[in-house]
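Below: a set of structures, written as structure tokens.
Both complexes below contain chain A, partnered by chain B and then by chain C.
Right after this comes the complex of A and B.
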């Protein structure tokens, strides 16, 4: 699979490392060049330094041929703009978006192509599941 | 109308004053404490201090009853996000956004933002016109630049100087809105005579602006 990842923070770099190790072709786009240091040494994908909210930068990352885009910057507003650009301007078939503020999820609801991962909701769900499971014991 | 303005600086200040003077109810959201305080002191509007990209702040500003939300920050991602939040969460029907990167204009349009102001294009077209001719000033653009209203000073060597309007060869879609002579304004009729030094207020499609400038402004 050809995967473009926007944002190379802790989440983006972890995903990029694992997905590239499991045989996917990966491109990582990140504005701050220092962040590429978070990628594991065996990362074999491409690194592009630039603002993903600029079409030229997305094009450089070959967004048009991406099977999957993962949008994972730490800014909900940038994540929203980049996901909409990918959907409307570049017709990316599958877009996974990380959200910081759980209340933002609803903004993506109308579009089936978006898959939303709210870290706070996920964490809370995991904890609740564990608490409930342990409660049964 | 109930209007929410997001952003700060001079633009918001003047815009808010104008809207208030026309009888609209204006609420301003600003995330800079000092600017918010200054605005609250100087303008008769409700000022909410906070980040408009936060749902609770929009709620505090009365987004559920707003007719129009105008987002004028320097960041396109903030303007888009705030407008969409107002639409999706509070059912605001009209949203207006400043677009700093011209490439985003179409995207914002597709996403349902009703008013889009492409700053870069607006400013560059105004500068372009003032470079082309010093005697042309752009008064305003209507419907995102689909119609322009501007003013041209009649040059002594222009084809129009000394002629009556009906004698001037003008495309039909160029409308003359006024003649300014020595500070007095008259409404042009077919028999009005144009003199060198007159300032003509013209309403035209942007693509016909150059033609109008050529007729009244004289040879380049």
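Right after this comes the complex of A and C.
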């Protein structure tokens, strides 16, 4: 599978390393070149330095042929912009977006092809599940 | 204590990977036996190859089982560990490949090792008398060049074997990625490489070469190796069409695989923007007339003959192949000096060629130009310098220029050290520079200094030169230093 990952912070680099090792073709786009150091040694995909909000940078990452786009920067506005560009301009079939602020999830609600991962909602859900499973002590 | 255990577990992993590659080398040693179908009269030689291949596979299996016994999980390989694997698997492959030369041709160990290193490193200097050598030995020399050109680690990575790791790929002086995954990149390299070789065989055959010679020369040309089945190389055929085919194959062999991929995808414009292609074309345009009119016109009075000969030798030196159509011994000093310079420049990075590499030379000249240009720009101007590499713009940082400059200095230093050894044996400065430049750049043209009677010191200096030149120094240094440090640590605790 050909995967483009936008943002190479802790989340992006972890995903990129694991996906690359399991045999996928991975391209990582990141603005700050120092962040590429977070990638594991045996990451064998491409590293592209640039602002993913620019069309040219996405084109350099061959986004039009991507099977999956993972947007994982730490900024909700950028995430929204990049995922919309990918859907509208480049017709990427599957887009996974990470959101920081849980209230942003609403913005994606009525759009198809998006899969939203809100870390705070996931965390809260996990905790609530555990509490409900074990009962109040 | 914990660190010591960790270190030891890393070495088990290294042993496992080295084992796999040496098993593969053993399979390569057995591959000439396929040609027994065509030459059944040489079946008496089969046991020699079976012995060498069997020993190699056995040694690989021992390393592999020993290494995988202690292994907990698949961990990632760093560049230093990749270097150790590459060095040891190359040394193993060289050792076992030498066995048939010793048992069949009755050559000494030093001479056999020289011949084999010349094969695996795609140099093409030879001590074997090709007129009397059996066909199986001839084809084995070409097969070594074919596999050596691609590189053992690259082949192992491209295969279905459980070998992976970016460190291994980088360690074999192949850093350009064609596709964003190392396994698919190496597979693509092997596809391009095999396709060109097959096309070369067909072209040679139609150009009028016998089939057996076509197979040998095609493998030796694409791998920029240069072993020939004739004592006077391509000159033996004295045919224009064969020379044209050879020139095309040598050019293909010396171009970076990433650049090939750009061309195969139809991006002709990007192809000609590429740094290495530009340098190569510039060199051809300037050097061919200089050699033709300032040095060789007295030797070859006919203009067409002059061009044909000059152009062929320039390409053979630049692509570090080492086929020749004439003898360099009779050439004027100026012409030979230019050939030495071209041999130092060498082929493209990430190709099968050797030398300093065109990319590095181009970058250094560009950076000199940038430095002068910046001197005349306004004080507060900001510029970002780039060149074309593969199909992308590559922005050059100071650190990168430093790496490249260090490499060039180290290369030249080694070159002068080797020349010094040659002159100490009493050879003239020109001969020494020509011969050692040829060995270090894995070119393989000779000015006539090399023969089975040459002193052993010369043979070994050239053997080491070829090995250093193919694996690009730093890898050998990294591996050596890491082995030494870890060895000291383990023995201390």
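In this text, the second predicted complex is superposed on the first by the 135 of 137 C-alpha atoms of A that agree within 3 Å, B and C clash if a C-alpha of one lies under 4 Å from a C-alpha of the other, contacts with A are read in each partner's own complex, and residues count from 1 in each chain.
Convention: a residue touches a chain if its C-beta (ideal position, glycine included) is under 8 Å from a C-beta of that chain, and two chains touch if they have at least 3 such contacts.
Note that this is a predicted model, so its numbers are computed, not measured.
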Fit-or-clash call for chain B and chain C when the two complexes are aligned on chain A: fit
Partner chain(s) touched by A:14 [first = chain B, second = chain C, both, neither]: neither
First, second, both or neither for A:53, with chain B first and chain C second: first
Partner chain(s) touched by A:44 [first = chain B, second = chain C, both, neither]: second
Touched partner set for A:27, first chain B, second chain C, both or neither: second
Included angle at chain A between vectors to chain C and chain B, based on C-alpha centres and rounded to the nearest 10 degrees: 110
Which of chain B and chain C A:81 touches, first, second, both or neither: first
Chain B versus chain C as contact partner of A:100, first or second or both or neither: neither
Minimum C-alpha separation between chain B and chain C after superposing on chain A, in Å: 22
Chain B residues within the chain A interface of the complex: 53-55, 75-78, 80-81, 84-85, 88-89, 101, 103-104, 107, 110-111
Residues of chain A that touch chain B when the two form their complex: 53-55, 75-78, 80-81, 84-85, 88-89, 101, 103, 106-107, 110
Of all residues in chain C, those that touch chain A in their complex: 76-79, 164-167, 169, 177, 179-185, 392
For the chain A and chain C complex, residues of the former touching the latter: 2, 20-21, 23-27, 40-46, 60
